[in-house]
Each structure stands twice: as structure tokens, then as C-alpha cells.
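Here the chain labels run A, B, C and D in written order, and each chain numbers its own residues starting at 1.
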Amino acid sequence: MINEFIYLMKHELMLCVILFSLLIMKIASNDENSGRWHLMINLLLLVNLLVGFCYNISGELFNGMFQSSELIQLEKNILNLGLLIISLQAHPYTRTHRHAPEFYILLLSSVLGMFFMLSSGHLLLFYIGLELSTIPLAALANFNLNKSASSEAGMKMIMSSAFSSAFLLMGISLMYGTTGSLSFSEITLQLTGAPLQVFAFVMLFVGFAFKLSIVPFHFWTADVYEGAPVSVAAFLSVISKSAIAFVFVTVLYSVFESMVNVWYILLFITAVLTIGIGNLFALRQENIKRFLAFSSIAQVGFILVGISGGTQESEASVIYFLLIYIFSNLGAFGVVNIVSSITSKESINDYKGFYKTNPALSWIMTISLFSLAGIPPTAGFFGKLFLLTAGASTGNYVLIAFAAINMVVSMYYYLRIVKAMFMEANEHPIQKISFSLFPSIALIICIVGILLTGFSGNLYTYIYELSIGI
Amino acid sequence: MSASAIAFYCIAAFILIAGILTVTTKKLFRAAIWLLFSLIGIAALFFWMEVEFAAAVQVIVYVGGIVVLIIFSIFLTNQEGVNMPSALKKRSLFSGLAVVSAAAYTCTLLCSHYWMKGSEEVFDPSVKKIGYLLVANTPESFVLPFELVSVLLLAAMIGCIVIAMKAQPESK
Amino acid sequence: MSLATTIQLIVLLPLGSFLLLGIFGRKYLSSLSGMIGTTSLLVSAILSIQTAYQYFFLNTAGSFEKIIAWKMTWLTFSEGVSIDMGILVDPISVMMLVVVTVVSLMVHVYSLGYMKGDERFATYYSFLSLFTFSMLGLVIAVNIFQIYMFWELVGVSSFLLIGYYFEKPSAVAASKKAFIVTRFADLGFLIGILILGFEAKTLDFVTLIERLTTSNSPYLVSATTASFLGASALTWGLLLVFMGGAGKSAMFPLHIWLPDAMEGPTPVSALIHAATMVVAGVFLVARLFPIFSISCPGALEVVMWTGVISALFAALIACTQTDIKRVLAYSTMSQIGYMMFALGVSGYGNEAGLGFTASMFHLFTHAFFKALLFLGAGAVIHYIHSNEMKDMGGLRKSMPITHITFLIACLAIAGIPPFAGFFSKEEILTAAHHANPMVYYIALLTAGITAFYMFRLYYNIFWSKEAKTAHHDDDHHGEGTWSMKIPLLILSVGAIAAGFIPFGSFVSSDGHPLHIPFEISAAILPVIIAVSGIALATLFYKTENDRPDKLSASFQGIYKTAYHKFYIDEIYLFITKKIVFNLIAQPSAWVDKNIIDGSMNGLASLVVWKSNLIKSIQSGKVQDYALYFFLAAFGITALTIYLVN
Amino acid sequence: MSEIPLEHLLMLSTALFFIGAYGFLTRRNMIAMLMSLELMLNSVNINFIVFNKYLFPDTIEGLGFTIFIIAIAAAEAAVAIAIIINLYRNTKNIDAENADHLKH
């Protein structure tokens, strides 16, 4: 019994342990910014990642409120991996920040919220997990305490997210009113498809759409990414989005399976809008963080296309894509993070002539962008390919064709950065940057991930088998 | 119409009027006071519904906590005396239209819905039951969310402290 | 050595050289990099020729089978549908192995001299090796997805090579354009693959072809009955695959990247834009030819017309160009058009498959003479330091070897016997004659124009203005080093002799040797037309440009009595110069530059304009965002509830 | 109280929700926006308790949820106010119209 409890909740327990030891350390020591401190936290996160792979079992606790399966544990492991990469990348930033332990406490509590959200079998736990994963992030967006852009980002994030949670809560309350239950398994049984229930469901959907930055609920995204510290923007764009997308798929496929006609319409409309608007805006951005924000919005559109497939292949392909997306987007963000925290240059024009001074970073950036653009043989290509094939299983070729054409459009703007780095001259290029061990490890993980995940065909098969429950 | 019904409509009118004044008054401080009234009205509504515990929490947390917090923040940002800038005409117009039509739509849906009655038992929101719900070691209890929400409050507190703490003069 | 090992070596050697030079080249192997690249290619080329010898001459079966020499499964999509990597040996892949390695070897050798002293010498060779590797991987593919992977890799490496002179903005723009246009086409290819794979439940070539050509097989039936926008799934699949091929092979209207791509170093043009990458599209159609021919003649007809139009259109434009590399670029497009429509007019099996053999034959001979032309042009550009015809002229004395080899190549492409181009072109024309007279006459006309513009090029470079000297008189390398001359000589041997190969005995649509009788009578008309094209060019361009005037003057003096003969000449001049040149060729060039090319730029600026238009939505005000959120939430709710009920 | 129909209570909460939404959309002072948000959250609280009492009285799940919403609303408001105060320190301004430097 106790063993089962530990095995099922090991991810959450592990995070809590790290969280509270950080808290105690913060209170007990004054010397929080020594090198040893950073080494320790990253080692802890590495242990956290490794522990996640041990003893994976399926089961539920607290009367079905907390559910876990091997697939969910895999998703948590993916998030842990992303967390470790971000923590390594954040090193140049946190090293100089006064509140580094708080930075990690907030980051970890946000991940904790995501884990509970992933495992939730009850709307209450889901809601608390969602808030726990958002509120600390708003504080983190404001972590450049003396910069007005950062406060503005924090303000926009907390205001918009509170507004959207009001809608989400409205949806939850009506869902409760129309089904009489808050637990997912009960709700599934009570769905009738009455208009008010559809209304409640759409409000829930909107809450998800806001967090996933699906157009037209995406407006906060770019502003927050631009103002927030790069590590936080990377976290928002990668970890936060992946977690929500995982939950989204699970909730749509298992809880609201009978409402497939509703969410198919919603996904169709929003996928078209998301890909189109994301691409249009990405084309015209000058700030590289804003650019990555809009490009990641467009990526979410592709995820929606995959989800609209509605089969187990779709679920597996979404997870597979997100794994690749974590590597690719964190590769790009890693470079931006290093450049930004050392030179505080964030405009695309600043990257002109980057290859001359920093060839290694330029190559990493290029490979990551190629993967984001879906150019073979990088992993991103396979990710998109599986998503589109999964989406095609509903036979909606219009949507697939639209997505595919937009892949070419996205090529245009990703290449623009590559062009700026390799092929354009600049009188004052970014100087040669030397960076410490941690970010280099993170970048190596990303590049290896981009190059290998595409080439190991067994990975997708493995995820697929987990998703059908073998 | 019974006294109970009259009481309800009075409370409802009070909540709504205080609410409308909260979002339209010129002076920020007065808006906070109207919010206070509106929240007290809601507490009264809970009381009327015989959910005393919720009414108590409403008074303690909202009236005693959040409104006070808001009033402090009004002082901290020196907004207590000034008139707030009036809302942009165009946005008020669009928001007004949007809000009214959305409200009408929602009400139509609510009224046309056939409400399924789950059970005929008597509602018993006693403090003991609530206590069991929150922290007891029973399968149906909300003990896990209860633990989690404590982490949430902790994180929010740390976030607030880091952000709102007055910046020390730069040592480095 | 077994067949599999040999071919693995052929393919992996360039990869090894790429990795070696790419990783260590710049720092440690700078001076050696050329030799390393060339040596690995030399071994590859020798092994390919040996493979071809084994496959074609030591074969006792009487027909050439498709052999899967080696295969491994790489990614599994779903049951039965997997992506494999492997080696498929059949006549066309063996032929392509030889063509790619030999031409690539020549380019490697040539570049030793041409690129000497370039500061990124090692990078250049590593890119060349990467390109060769991807092209070889493409031709041996067992799986349509393997082709796609290498196809993209070819795209990436050509992007790198075209943009090699990245200091030049035009080179950067050209490489980007090539990449995006071909990517657009590849998108069609990818969707086509998915459709074919979905219908046939396999991506494996051998199985795919078998399933989609056996009549009454369930796959074929479902593929031909499912219809979308008036065409069956099979037609759509094949057309989309062809779209990918058309993009790579620069078929009208996806050709716009090819002329710009001449910004790359000239040897690269010889490799990519003459002999290898651009014929990938032809190869692709040839690879799937049984499906096209047996199950979907409609799609094959599209291939035919695309080929014919491209051939004529490009030939017309070539007449108007003054940049010598651009002339060659359009001529490439025109010749690939020939190959395409030869496939288009062909049937499957035995005598009907003449077009297929002719197309492959032309691909083979074209590789030699077009590479030769590009390398010759490279030598000229190296000597003159300009691409423009007006800077050239009278070079025949100072560059004798280049002159002779260039002349041979011109004769070959014009289709003058006994040069290689004559035989392959003659076969194509015969095939077209049997299949479709209209195509035949357009092809004949194109052949005449080809002869005309090639000799216009030839005279403008080597004759015309007398004895134009090189820009630098302290000319230390004359017409180039021996490493540049030797490839010219070897290729000119190919351009002379390749036509005598009895190609039908080796390559045919169904693997059975095909005996092609040579008919003198059919060859007469094309030769006459080619010769008259040459004559016309001689008339206009052999000496300075006032030739037409002088001509008319002398006519007036000498042949006063034969007035009407002069009159005919005038009409002739009027028709050719005024009508054909000014009214047809120039407008085609204009259409090409402004409408087809312009539409792409227009599309890009339209998108940018649109995105500027909508930027005001992102106003930065949090309440605006909330209002949009509110409206969208309720709008989407109302819409959904309306749609569901 | 049983003679009050369920719909009337729900309309009260809906009206409060949209009053709050209107305030959020039009109030330019950020603290005032926050107050409007509190109204919206409170309307949801009413919903939960009403559903719980009128329709599903056998458990007290709805009431439990309300308590959690109150707690979370407090946390959210606290963080929001901290951020607003920080913004005020940096820009001396808490007008939502003026916080628009990050755009397009």
C-alpha cells in the first residue's frame, strides 16, 4: 500500500522534497549564489529525472482523484527532462540574480502543479494544479525586478490568466450543475450534450486554449515572452505548453470522448486560426523572443491538427512531437538565453554576422530552427509528419493541406534567422561569447536530442504502445 | 411572497447594485468600499441559504483579507484620493454591448436547461462534515487538494515577497 | 566483394569524406582537402563502373531484374507501412550511379584548379561530397520515403553550394529562392507519398509498383475509385509526386529558381544543374514509370505536356540571354523537358517503351555534354572574369582546348551526327513521332532553336569580336591548369562516344533488352533543322553584329538580277529576327521574369503587407486582449452550439 | 427559501459575473480591474453553492470547491497586487492603458 503510494506519486514527492530542501537552505544559508549551490540544484534535478524512470506502474489513489499510468509517468519524465535543460540554461541568468533560490522554488512549484494536473481525476485537483502552474509563473515573469518591461509582462500574465480562470471556473461550475459531479469518471457517464453542457465544455476549452495560447486566446503570449526573462519565456513556451497539451489530449480523449463532434469543430476552427495567425505574426517580428513566441503559437496549431485526429496514434504523435519540440525549442531558446544574458541583445538584426564570431552557437541555432521548421532529417520533421498523418486519419485533407502549406511559410521566417546569422554582414556583430559548463551541457542535450529522436524509430512505437495500454 | 423570498430579492438587489457601483464609481477608494458591500451581500446570501460556514469564510477571507489587501495596495500606490481616468468611450461601448448580449445568451441557456435533480436528501453543511471533507482520511475527502493548495499558497507568498519586497540598494 | 558491400562503399565514401573534411578540414586538412575529396570520388567512380560492368555484362538471365541488395527497417508507421533504408539495384539506378560518380569526379578534379586559393577550399569540398552522397543515396533508394529523405538532403546541400559565395547578396537570395521553391514542390511530393502509401499500404518501391499495377488488385481498385475534385486518389498521388519532381527538375512553372541558382560556383552548376540534381525529377518519374504508364495514363499526359512546354519555353528564353551561364541554365531546362516528354509519350514494355529508353539515354548523354559545356563556360569565366557575352569574343586562339571541347559539346547538344546528343535526341523524336505528332513538331522546332542559341553562344564566346584579350595580360595560367583541362577532354570523349552505346539493350521500361533499329530516313529532318539553326546563328553571330546589314548590301551589289532571292532573305530575317525573336522569345522571357517569378515575390510581399495590416490587433493593452478573449469565447460558444444542434 | 426558483439564483450569479467582466474590460486602474475579477470569482462561488444545495445535496462537493476557490482567489490577488506594486515602482503608473510598451 505504502509502496504503491510512493511508486505512483514518486514524481510529485521527489519535487516536494527538493522544494522544501531549497526552502530550508534558503532560510538557513546566506551564501546562496556560490557555484556549489548551482551544482547541487542541477544534480538534484538530475536525480529527480532519473528517479522518474524507476518503478513505473499504473494505478489510482484517493478514490480516483489521483491517477497515474505509465504514459502519464512518461509525460512527467519528459517534463522533468525539459526542466533540467531549462535549469542548466538558466545558469548565466540565476548566477547574477539576487533571488536565485526563490527562482527555483517558484519554477518547481509550477512543475508540481503540472504534475498534479496531469494525474488529476477530479476537476478540483485539476483546477488547483492549473493555478499552481500559473501563479508562480506570473511572479517569475516579473523576475527582472527593476525592468518595467518585466513588470508589464507579469501584470499582463496574471491579469489575463485570472480573467481566463474566471471563465474556466464558470465552465466547471456549470459542468457540476449539469452533471452533478466533479470527478472525471462520473462526468463522462453524465454527458448528455445539452446546450448548457456544451456551453460549459466550451468554457473549459477556452481555459485550455488560453494556457496553450491558441488563437484567438493567445494575445498575452508574445508580450509576456518579450518582457519576461528568457529562461521563464522558455519555460512558458516549452514546459508549460507541453504539460497543458498532454492534459488537453487526455481530457479530450478520455473524459469528453462523447463530445467529439463538439471538440472536433472547435479544434478545426482554432487550428486554422492558430497556424495562420501565428505564422503571419511571426513573419514580421524583429525581437527574437517575440519571434519565438509566435512561431511557438504556430507550432501549437500543428499540435491541434494532430489532436483533431482523435485516435491513439494522435495521442502518441502529440507526445512524440512535444518531446522533439522540447529539444528543438530549448535549443533555440538556449542560444537566445546565452546571448541575451551576456550581451542583452534580443533583436534579430543583432544576430547578423553571428556565424563569424560564434560558429558553434550559430550551428546549434540553425539545427534547432531547422527542426522547428520541420526540415528533414532533423527530428522536427518526423514530429510534424506523425502529427499530420495522425490528423489525416479523420480524412480532413483540407486541414492537412492548410497545415502543410503553412509549413512552407514557416520555413521562410526560420530561414530568415539562419540567413541573418550566416549570410549577412554586421558592423558590430555580437562579440565572441564564452559561457560556462551548464549551458553547454544543456545545448548538447538538445542537439543530441534533435538528431537522435528522429532516427530512433522505436521511440514512437514505444509511446504508441504505452498509449494503447500495452 | 414569503418573507424569505423578499429577503432574497433584497439581498440580490443589494449585491447587484453594489457590484455595479464597484465597476462604475469614479473614486478608487469608494469602489473598494462598494466591493466590500457587495461581498458582504454575498455572505448574506450564503447565510440566507443556510450555508453558514461559507458565509463565515466569505466574511473572513474576502472582507477581512482581500479587501483589506486591496485597500492597502490603494494606499501603497497613492491612488486613494484621485479620480480614476474615465473609461475609453469606444471600449465601454463595445464591452457594454458584448457583456449584455453574452449575459442574455447565457441566461437563455440557463433558463431553457432542464435541471436534473440528483438527490432528495437534505443539504447538511455542518462544520463537522466540512472538516471531514477537507482533512479526514476517508476516500471521498479533499485531503490531496488541501495539501496542494497549501503549496500554492506557499509559492504565492514567496512570489509576493520576492516581487514586492523593497529592493535593497544594489550591493554588487 | 558482394554487390551490397560495393554499393555501400560507393555511397559511404563521399559521406566519409564529407565528415572528415567538415569536421577537420578547415583547421588541419586545408591543402589536402581537394585530394581527399577527389580520391574518395575516384574510388567511388571506379567501383560504380565495375558494378555497372558486373550488372550489365555478366548478366546471364536475359533480362535485368530489380535486386534489393540490402535493406533495413528504420521507422515503422503502422502495420506494413515502414520507412526502410536500402539499396535497390536495377538498370536505371546502376546507370545513375555511373553518371553521378563520373560527373562528380570530373567536377572534383576540375575544382582543384578552379577553386584554388579559395579561403574556404575545405568547406567547398565537404559540401561537394555531401551533395554527391545525398544524390547517390537518392538513386539507390528502395523506399519512396528514402528517396524523399535524400531528396531533401540534396536540397539542403544544393542550398549550401548555391549560397557558397555568401558575401554576394544575389547568391544568398538565389540559394534561398531555390530552397523555398523546391521545398514548395517537395510538399506536394510528400503529400503524394502519403497518398500513395495510404492507398497501397506500403512505401516499398517493388511492392508499391506491384500493387498499383496488377489489374484488379484491391489496392489499385480502391486507389482509382476514391475520387477528389474529379480525379482519383491515384492520379492525385502521382501528380503530386510529379510536382516534387518538376520542382527539382525545374519544369515550367516551377523553374524560376534555376537561372538564379547560377550564382553558385561554376563547377557546382555543372554538377547540380546539369547532370545530377535536376535530373532527379526525371529519375523519380522513371522510377514510378510502371504506375504512371499502366494505371494512370492521365498523369503521364500531364508529364508529357509539362515537358514539351518547358522544352520550348526555355529554348525561346535561352535565345535572349546574355549571361552565358543563364543560357546554359535555360538550355538545361529545355533538355530536361525533352527527357520528361519522352517519358510522357512512352508506353510500357517492348517496342512501346522506346520513349523510356530514349529518355534515359538522353539523360545519360546530356550529363556528358552539359557538364562539358558548364565546365567550358567555367574556364571562360575564369579567364575573362565575367559572365557576360559582351565581354567575350575571339577566344578561340587563346583557349584552344576549351574551344574545341566546347564546340564538340555544342555539336552534341544540337544533335549533329555522330555526336552523342544526335542519337538520343533522334530516339526521342522517333518515340514522339509514333505517339503524338503535335509533340513531335514542337520538339523539332525546339531542336532547331537549340542549335541556334547554342551556336549563338559559341560564336559570341569564341568568334565575333576579333581577338579580345584577357583582362589581365600577365596571364600566368593561360586557359587554366591541367586539372581543369583534363576533365574537359575526358568529358568530350564521352560527348562524342556515348551515343554509340546500344542503350536499349541495357535500359528499358520493363527490364527486357530492347533492340532499336536505326532509321536513316527519320534522322534526316532533325539534322536538317539543326543544321539550319546553326547556319542562321553563323549568319548572325560569327562576326560583329552588323552582319545582316552587310549581307543585304552585298546581296544588292552582286545579285541584282536575283532580286527576289534577296527578298526571300529579307523575309527570312524579318521572320526570325523580328517575329520569332522580338515577338515570341522576348515576351516569353518577360513573362518568365515578371509574371512567374514576380508572382512569388508578390506573394511574399502580400503576406508581409497583410501581417502589417493585422498588427494593430496586438495593441499591447491588456483590456483589448481581454475584450477579444471575451468576444471569442462567446462567439465560439454560440457558433459551436449552433453547429452541433 | 424553496419558493425561489433555481433560475433566479443563477441569473443573479450570471449578472454578477458579467458586471465583473464589464468592470474588467473598462476600468483603467489595475486595482479596479482586480476588484472586478473578485466579483467574477464570487459569482462562481454562488453557482457552486446553489447547485450543491438545490440539485445535489447528498454531498458537499460544491461547497468544498467554493472554499478552495476562495483560497486560490486570495493567492491570485496577492500575487497580482505584488506585481502591480512592482510595476508602480518601476513606472509610477498603474493605468492599464499606459502599460502597452510590449506590443505588435
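Points worth noting:
Definition applied: contacts are C-beta pairs under 8 Å (C-beta built on N, C-alpha and C of every residue); 3 or more make two chains touch, one makes a residue touch a chain.
Owing to the predicted nature of the structure, the values given are computational and were not obtained by experimental measurement.
Between chain A and chain D, the least number of touch steps comes to 1. More C-beta pairs in contact connect the chains of B-D than those of the other pair, out of A-B and B-D.
In this assembly, the C-alpha centroid of chain A lies 31 Å from the C-alpha centroid of chain B. Spacing of chain B relative to chain D, judged by their CA centroids, is 5 angstrom.
With centres set at the average Cα position, the gap from chain B to chain C is 71 Å. If you average the Cα atoms of chain C and of chain D, the two centres end up 66 Å apart. Taken residue by residue, chain D touches two or more other chains at 17, 20-21, 24-26, 28, 33-34, 55-56, 64, 68, 72, 75-76, 79, 82-84, 86, 96-97, 99, 101-104, whereas all remaining positions touch fewer.
With touch defined as above, residues shared between interfaces to two or more other chains in chain B number as follows: 91, 95, 98-99, 102, 106, 109-110, 115-116, 118, 140, 142, 145, 149, 152, 156, 159-160, 163, 167. The multi-chain contact residues of chain C, meaning those touching 2 or more other chains, are 615, 618, 620, 622-624, 626-627, 630, 641.
Of all residues in chain A, those touching chain B in their complex are 16, 19, 61-63, 65-66, 98-99, 102, 105-106, 109-110, 112-113, 116, 122, 124-125, 128-129, 131-132, 135-136, 138-140, 142-143, 145-146, 154, 177-178, 180, 194-196, 199.
For chain B in complex with chain C, the touching residues are 91, 94-95, 98-99, 101-102, 105, 109. Residues 615, 618-623, 626-627, 630 of chain C are the ones that touch chain D when the two sit in their complex. Interface residues of chain C, counted against chain B in their complex, comprise 623-624, 627, 630-631, 634, 638, 641. Across the complex, chain D meets chain B through its residues 1, 3-4, 6-8, 10-12, 14-23, 25-29, 31-32, 34-36, 38-39, 42, 45-46, 49-50, 52-60, 63-64, 66-68, 70-79, 81-86, 88-89, 94-95, 97.
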